[in-house]
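One structure coming up, written as structure tokens, with questions to follow.
Chain lettering (A, B, C and D) follows the sequence in which the chains are written, and residue indices restart at 1 in each chain.
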Amino acid sequence: MNLNELYTELILEHSQSGHNRKHLDHANCSERGHNPSCGDDITLELICDEEGTIKDASFTGSGCAISQASTSIMIDLIKGKSKEEAEKLADIFISMIKKEITDDEELEVLEDAIVFKNISNMPPRVKCAVLSWHTLKEALKNKEKS
Amino acid sequence: MKGFNVEEIRKDFPTLMQKVNGKPLVYLDNAATTHKPISVLNAMQDYYEKFNANPNRGAHFLGVSATELYENARERVRQFINAKSAREIIFTRNATESLNLIAYSYGMKFIDEGDEIVVLISEHHSNIVPWQKIAHMKKAILKYIYLNHEYRLDMEEVQTKITDRTKIVSLAQMSNVLGTIFPVKEIAEYAHSKGAIAIVDGAQSVPHMKVDVQDLNTDFLVFSGHKMLGPMGIGVLYGKKELLEKMPPFLMGGDMIEYVEEQTTTFAELPRKFEAGTPNVEGAVGLKAAIDYIEEIGFENINEQEMELTAYALERLREMPHVKIYGPIDLKDRGGVITFSLEGCHPHDVSTIVDTCGVALRAGHHCAQPLMKYLKAPATSRISFYFYNTKEEVDIFIDSLKRVRKWLGYES
Amino acid sequence: MKGFNVEEIRKDFPTLMQKVNGKPLVYLDNAATTHKPISVLNAMQDYYEKFNANPNRGAHFLGVSATELYENARERVRQFINAKSAREIIFTRNATESLNLIAYSYGMKFIDEGDEIVVLISEHHSNIVPWQKIAHMKKAILKYIYLNHEYRLDMEEVQTKITDRTKIVSLAQMSNVLGTIFPVKEIAEYAHSKGAIAIVDGAQSVPHMKVDVQDLNTDFLVFSGHKMLGPMGIGVLYGKKELLEKMPPFLMGGDMIEYVEEQTTTFAELPRKFEAGTPNVEGAVGLKAAIDYIEEIGFENINEQEMELTAYALERLREMPHVKIYGPIDLKDRGGVITFSLEGCHPHDVSTIVDTCGVALRAGHHCAQPLMKYLKAPATSRISFYFYNTKEEVDIFIDSLKRVRKWLGYES
Amino acid sequence: MNLNELYTELILEHSQSGHNRKHLDHANCSERGHNPSCGDDITLELICDEEGTIKDASFTGSGCAISQASTSIMIDLIKGKSKEEAEKLADIFISMIKKEITDDEELEVLEDAIVFKNISNMPPRVKCAVLSWHTLKEALKNKEKS
């Protein structure tokens, strides 16, 4: 993987633009995710309605370009989806990173997030890319319980 | 520099001759670990091919040879740090284990409720977390000496923190983040005047400068072989004999005993009392070869080369906009470790980008989270030199660093 | 023996090709430490020349490679002993440190006043002295299971000693003195039935036979790399995840933390929680190469070769007058370790005399003083095989042993 | 050093003959010496008269041929000597082993004990040879104090 594939325009746009980086006043679900070894630390906030649809989502925190972009791209993707759909997408994303799913057609549902497909060739950055997706899964799991 | 030719020296280090991502490797992570000269690799190979055995035990030829090699290495370390006696040299796994040994053995025995343990805010986790444990178990107090705005110590702050209730003062002679060299001799003296003992973490100093334990009058000194051309898996604990003798053993098992009965045991004399189980002879042999190599180069040459590189790197970094340096700018009492941040760029992105240019540097908290918090720097990048680095490497590093902000989408 | 050719195999071991005192080396001290095949030495050299770095930390090429190599080695160990998860594999310095880790961490947390710790009388000091310390500190009771006249265990004795108050049962799978292989699976099961945990010291078994931690259902397993073709300075602690997770960390410092504040620390997940400081990547890489070598030879071949040598040596020793053997005579459940005494001859004189014939054996208490006292044998000699030994070496040993009494002035 | 030099007739005679191996009923000075690592363990007994002359000496205990012979040869040498002389001889013996004294004339006073001169070429056996001499020094030192 070379730098052109890693720091694509899409990734830079998302890591620098702040459109999903904010505090949601009426969030009814929030989850912190962090990588102690590299210092990435995000808090994901969700507003889910009664039917279980993710009406809004945002994040705060700090981290590298990869973790920030991955978070922002994920938020764009899951907004308006049901909790089940969101969870499914997170699973597909994680499987893509683990190279368990490689078929582009199957990955199509990830939309822009497919840009991280080759990050597994850069082992130290894998954690950065998957952080928000794991955090999303935790958030939905905890929401379930409460 | 008498007889110092860095290009010739580099030929002794196969690792440095490599290409990484198609570019020559520019290894600037020497504070993490250093590469090994052929002489060290050969010494270890030779040991395994000719003398490998369990020392102290066998009366056979190999056992005798292994014992001799192991004890020669101990004597070599003694000379190197000018300890009074080879019995004051304990081989451990690394500096971390050495510090734990002191904490578990000296700390558990001599620290009582209300006693104070004093460290610097810039300490490596290895010199913090063991003390947190002792403080917690013994209801003692762990206190931090803070630094001034030049990333150095004020003696007033030292004198405020070290009190009559202080039992242990433990500090790194050189910070692995800031590069600051601290006046450990003065601090040890002050600690002694208050009835405390002084522990010097030499992990970053011993590889780079002459450390004389008698001159420093430190009670303990710890360091790691792998940061000074030696192999991984070997470290040193120096302790004054009077102290080591009154300390209980730490790890228990073979070799550190005298007589074992079913319910009681008497322990061997120093240094074996603190070396349980089959010793790492290979590691000791490798460390000896590393010391031989270092002394052949000479600390004067090492210092001169490292300071030239440090001065040059600081100058070039300071020319760059968006760069902030954490650590003293003047060269007095500082070593070849430079920690910095690049505005708007996360250090992991910095690492990844310079790595594609073959440059190996370190990103993160450098095992010094309390310092990072104190400096309000969540994560930074660090370069660190050894004598085998060159000015050309600094140039390659600076060039690669200049590309980072562009890659991350900034205009300049 | 499929594809097993000892002469070919010996060519892989440079140490074995040596002459000692003008005679070919006959190395029969494998229970102390083993020699290293070229593939292990090359793996370590290769590591240093191409990948040397501090793992877990650097985002640069070398750091990534070192992390990968280190974690691959962990996975290789997992497979080798069939652990469920690589997180259950902790790299330590040697078996001794592994046992100390369990004692300091599990023992200090879960042993209370009046609890019992049970070991065999034949244990190595490494599996006795740490428990003496815990028993002493916690006012617990250290109990010994004695052996029958065949140097084996009676289950009745086991059942008398392990009671409802027993919290820990710790024993070597194979004795480093007697060669007895103990039924650890049955003992672990009995310990569990009494609510105790079982610790298996595999220092002498793991190098010689397939050890499957899930089959044994042991809670912990410890062993050393250097006794199984690997380098010195690396050992393993296997522990069941549930147990390791509830144990406090032992050594503190870099790499084993999550967040360090001035006064408190949160710890990393398994396995890093138990691996403080710069890990010994070289050691892990060497151990992996050693496991590769062992599995290529195959435990079936290893066992066949060792048992043939053991049977032959026992037979020849029993023919000799004045020789007394300490350990089972029948081959069932015994390994290639034979301890003996020669009437009227002190084992150190035996060692010295056979050494002049190139024969390396071990004299003394073999780090098992309580056993020696129990057997009323103040000091003995020991030979111990690995698969690279030959029948001719047994002959040379026997011939050299026959000369001992003459040298010491006896008629025959 | 080859075995001929180590297991000389003299050494074997002393290690096997029991003439100094016994318990002294009226000993007024006794000292234990031991090498934990090899298991040599001897107890030296002395009868010193008012003038400080060693009237009789013996030993008990176990150990290798070298330690036993060295002990027995030492006892033969010191019997009838004054405490000062005995101490001096022990120092000379130890210096010989350490190769600090190599001149045969200087070593002549050691009489038969000179047979151990080359033991330093066999490092694992050095401890065996010097054990009794160190024990003697300890014994005399403690006698002094009491």
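The rule is simple: a residue touches a chain if its C-beta (ideal position, glycine included) is under 8 Å from a C-beta of that chain, and two chains touch if they have at least 3 such contacts.
It should be emphasised that the depicted structure is a prediction, and the values quoted were computed from it without experimental measurement.
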Give the chain pair, either A-C or A-B, that is connected by more C-beta contacts.
-> A-B
Once you find the CA centre of subunit B and the CA centre of subunit C, what distance in Å lies between them?
-> 31
Whole-angstrom distance, CA centroid of subunit A to CA centroid of subunit B, is 39
So what's the Cα centroid distance for subunit B and subunit D, whole Å?
-> 47
Residue numbers in subunit A touching two or more further chains are 37-38, 124-125
In subunit B, the residues touching two or more other chains are 57-59, 63, 257, 259, 348, 351-352, 363-364
Go through the chains and record each pair that touches.
-> A-B, A-C, B-C, B-D, C-D
Subunit C contact footprint on subunit A (complex, rising order) = 36-38, 123-125
Which part of subunit B faces subunit A closely enough to touch in the complex?
-> 346-349, 351-353, 356, 363-365, 378-379, 407-409
Across the complex, what residues on subunit B touch subunit D?
-> 56-59, 63-64, 67-68, 257-259, 268
Residues of subunit D that touch subunit C when the two form their complex | 2-3, 6-7, 9, 12-13, 15-16, 37-39, 62-66, 122, 124-125, 128
In the complex, subunit B touches subunit C at residues 14-15, 18, 20-21, 25, 27, 29, 32-33, 35-36, 41, 44-45, 48-50, 52-54, 57-63, 93-97, 99-100, 103-104, 121, 124-130, 132-133, 142, 144, 224, 226, 231-234, 251-257, 259-265, 276-283, 348, 351-352, 355, 359-364, 367, 369-370, 373
